[in-house]
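I've put the structures underneath this note.
The following pair of complexes shares a single chain, chain A, combined with chain B in the former and chain C in the latter.
Entry: the complex of A and B
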């Protein structure tokens, strides 16, 4: 019983982060048609960046976190202004998902390259935000970093839902996703929301990276895997259902944890196999309407 | 040219009635190689209700969206004496030029109320202010049919109800000038009559309205002046040649 309980807690920890990443994908795609494939890399950048600043400049942990988050915010905002904005709004408009896909794919590789040069290839992590032994209750064990991830994911989810529901800016954000032209008709400047969301998502991912990295440690390529699970969560939510994206993210985390109990060697293979099977059985889940022969 | 309409009550959009609300000079709109609007030159005075009529595909909607800053264009657009920056829809909305676009362009997964509240976005970004402001209530009051449907998802409304929601959203924006593009497109005659009754009320309030219509008979029921659009050329607003408000004879000449 306690084994399954611990697996569930571990799954919810990872799933909480996948859920937030999936939410990032869906929100940014709904708002501006941008698939940010670098979201996981920002998590890596937050974790290893704060560790790097701390070790290199001996700033103190809080200052190291602040410096890395500000640097990520400035970089991601500049990327939107310099790359995404001209691509989406420039004279030679390239408003295709494929082009934007490649722009953020390139960003992902760029960040990994910077990460490799700056942080090296070893597994590293910043100090835990909540140090000390794992929490124990009812025979279960939960890493404090895992508890922080779950709390942070819940707080972010509730805050975001409240923002969408109880503020006009939040409703305007939803409006951008439902009818871009209609949003412009009422005076919503979509580019502001896109830049704001792109930056906020990067900072949020970085915060999650800082929180969770003490559990497993990060290397410069870790972000790619994290982002991939977020992308899968968003895809299973057809890139337009934030609630479902969160549920799928959590489900992936749980499945990954349970499958690891059976086979650590084939854990990922089994997980991807299950995901492919779901798509084959129910392709509509991706927003695809299969054409059936008469 | 634009003349004042006797009997019009001064209303929300009628401040400084008789002044030029909108002046368009040599407007040109192209989609790639295709020139949709070759030359549009016209003006609309404050408090006037002007019909923009012409056959389908002759550039009426392109003129409307270009004037509202929603598509790229060349030429000069002045709004209440201020030169409009090209392609800046937010600028136009903030100065009170509101487009109620063809096919409504509502937010289909939001409630009717949220759609109307988003009309306020140009002048406030506070939900509380938008909810409490009299403008929002007045916009809803024009369409009592919507009151019982405020919590309904907009995408599930009938075409007529969607058009009323789009008009209410436009009115919630505190418009100084409204451009209403094909409000009766695809609507049954009885519903179109209801929409036109609301437009007549807007005219009675003294609002500045540019009504884009394919059907001149219908448009001239409420409009004082006509801007003709033919093959991408818009001609200066003129009074209907036939006396009175009936549009049939004028329509025949068009």
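Entry: the complex of A and C
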């Protein structure tokens, strides 16, 4: 019983990570029509960046986090202005999402390259936000970072879903993602909204990277792998349902955890195999097609 | 047999000059031969050692990327299966040669054929999955397969398999590498020839249309499912070939080589080099592998450099490095010939995105580009003289002669199989619901013979849904569709097109990178039903262009044949779409809101054009302009809330109580608008 219970908790912890990344994908696509494939890399940048600032400049941990988050916010905002804006609104705006997709793909390369040069190739992590031994109850053990992950995933999922569905600004943001031209016609500053959301999602991913780093540890490529599961979670949520994205992310984490009990060697192979089989057998589960939607 | 000028007659499409120009087959052969010779020269100049090994290594990747130019870059079929098939090729040869002692060449042949067959079986299902799902699913193929191989002891687990013998073993390492490298280059040259031949054939034109809009491609009769499958199989075979050569030249295969990183590397090579250019793909593949292998600095900063380069290229040089090289070439050539400064880098990079071998220059008739993108005359329907814009023998974008430059040389639009009797269309109890909303509710109608038939109704009445049910774009929940007496209910759009039906979409969908004549010729190709392999032995492009020329002349826009769609007004673009729809001589022509976005005068020209076309064709149009419909239609059907509420002639339409009660507001409003618009046109100074 405790084995399955612990597997479930481990699965929910991993699933919480995937859920938040899926949430970042969904929120950004729904509001700005952008698939940010570098979202996992921003998490890496948050975790390793704060650790780097802490160790190199000996600031306090809170200051290190603040500095790295501000740097990420400035960088992501500048990226939107310099790259995404001309790509989406300039003469390239008629280009398909296949090409737009490659901009954030290139951003992922760039961030990983910077991470490799700046942080090295060893696994590192900043100090935990909630230090101390794991929580124990009913014979189960849960890392405090894991508890934070689950809380953050649940809070973010509910908050984003409610914001987009019920608030006026959230509805305006959704309108931007659904029909850029229409949004402009009724006076919504789509460009500003997109820049804001792109920055916000990058910072959220970075915060999340700091939260989960005691569990995963980070090397410069870790973010890419985590982001892939987020992409699948978002795809299964049709890129427009934040609540479903969280549920799918959690389900993927649980499946991964349970499969690990059967075979640690083929854990990922089996998980990816199952996900690919679902996509191929029932492609309509993905809902909209972002390639055509653009 | 002589033509009007007394010269020996030649096929019409050649304009009398084609025999003096090399055919596309010869061009592709020359291109691939030059590439092969250059690469061979580099191989022997490097003469063994590390650089030679690295060069040969990069060539194996180049074969995979050449396949991707066709599949991903040109045809926009985003599938990430290449690294898996490259791995299959490499491991296949390694297993057969090291464990079963097959001769390497035999192992290579067996593995490539087997990979193509596996690609066929896999692709048969996978390519039917919609675009994004296919991309996402195949993105994880390599994770699954590499994850399996890494823990499989028979396949050598993480240490891999080897040593694999060279395909030709020489007296020493250098000779073995050079000879195996020579085989690699020859096979790369053959791959280049195949892809070049396909891109510059009728199939290439079909793929360009498919890449832009599959609905239109199916509407003109292209079997898109077959083309996708063929692309998948070809991509698999090229990747497997690259894998076999990788194994035989590098001698060891490990799973890490073929991880997801390899797939990403292929994409980087493709996009950096130039995704629609073979030469660009080669430059991307060889350049990136060679540079990252020879420079420690580049290797260390690979991610940053690739990230910045991809961003800059996508943003400013959409044709990739080949576009930049083309610009440099043109500037250099311009300086030599004293014509520098006539074209910008942006123009050149855009043009370089076309599928030709890469640095080929194109001629454009000056008079044709001066046409201004307007209709030839006020009616737009009379076949006008050529106005001297396209003299006999002028070059088309692919370097061929224009069809029929001399008097009366244009080939008429074929009558089609219906011998000018129009077509027959019958809908029986046609029904379609979306969730709880019944968009089309048991609609029955019958149309027969040439003339214009209109489907009208307010917004949301179900007109476009009915149109799509007839065209095959939507599957009916109930009822039947008969085209010329044949039950077409379960037929796919391309099968309906083969029955003699053609269609347009509400929004204009033209290939902006192609000339007007190619935009029309694509619907007149004979290759729609042939396999891609047929493109290697026959072309048929000239015949299709001749028919396209005839259609353009019929609609009065032949003088714009050489222009690109983006240079033309909406009216002309819609006329081009109409030419594309009639070029194959359909009996049944479906037009979805053809007057949308046109002015009153343009609508009048369109009306005359449609009336001319309808003399031998059954034209069914969905249209909001009730005045226009009442003027030109032979029979009008009115839909309200998915149900057919009226069917009759224009007089009945205007006097019908049902129509008046449902549409009168619209009729009055449109009449007022038209009157206002006319007054405005007559009194330009009045405000």
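The rule we apply is simple: the second predicted complex is superposed on the first by the 279 of 294 C-alpha atoms of A that agree within 3 Å, B and C clash if a C-alpha of one lies under 4 Å from a C-alpha of the other, contacts with A are read in each partner's own complex, and residues count from 1 in each chain.
The criterion applied here is as follows: a contact is a pair of C-beta atoms (placed from the backbone, for glycine too) under 8 Å apart; a residue touches a chain by one contact, two chains touch by 3 or more.
Since the structure is predicted, the reported quantities are computational estimates derived from the model, not experimental observations.
**Student:** Given the superposition on chain A, are chain B and chain C in a clash or a fit?
**Tutor:** clash
**Student:** Contacts for A:106 in the overlay, against chain B (first) and chain C (second): which applies, first, second, both or neither?
**Tutor:** So A:106 only meets chain C here.
**Student:** Quick check for you: in the superposed arrangement, does A:169 touch first (chain B), second (chain C), both or neither?
**Tutor:** In the superposition, A:169 touches chain B alone.
**Student:** In this superposition, which partner touches a larger number of chain A residues, chain B or chain C?
**Tutor:** After superposition, C is the partner touching more of chain A.
**Student:** Output check: A:83 vs chain B and chain C. Expected answer is one of first, second, both, neither. What do you get?
**Tutor:** After superposition on chain A, A:83 lies in contact with chain C alone.
**Student:** Among 111-119, 129-137 or 183-191, indicate the stretch of chain B whose C-alpha atoms run into chain C.
**Tutor:** Stretch 183-191 of chain B has C-alpha atoms clashing with chain C.
**Student:** Indicate the residue numbers of chain A shared between its chain B interface and its chain C interface, in ascending order.
**Tutor:** Shared contact residues on chain A (touching chain B in one complex, chain C in the other): none at all.
**Student:** In the complex formed with chain B, which residues of chain A make contact?
**Tutor:** 166-169, 171-172, 174-175, 178-179, 181-189
**Student:** Quick one: which bits of chain C touch chain A in the complex? Just the residue numbers, please.
**Tutor:** It is residues 76, 78, 125-126, 129-137, 139-141, 143-144, 147-148, 151, 264, 267-268, 271, 300-308, 310-311, 314-315, 318 of chain C that touch chain A.
**Student:** Give the list of chain A residues in touch with chain C in this complex.
**Tutor:** Against chain C, chain A makes touches at 83, 86-87, 92, 95-96, 98-99, 102-103, 105-114, 116-117, 228, 231-232, 235, 265-266, 268-269, 272-273, 275-276, 279-280, 283, 286, 289-292.
**Student:** Could you list, by residue number, the parts of chain B that touch chain A in their complex?
**Tutor:** Contact set of chain B toward chain A: 68, 70, 89-90, 93-94, 99, 101, 105-110, 114, 117-122, 124-127, 130, 169, 173.
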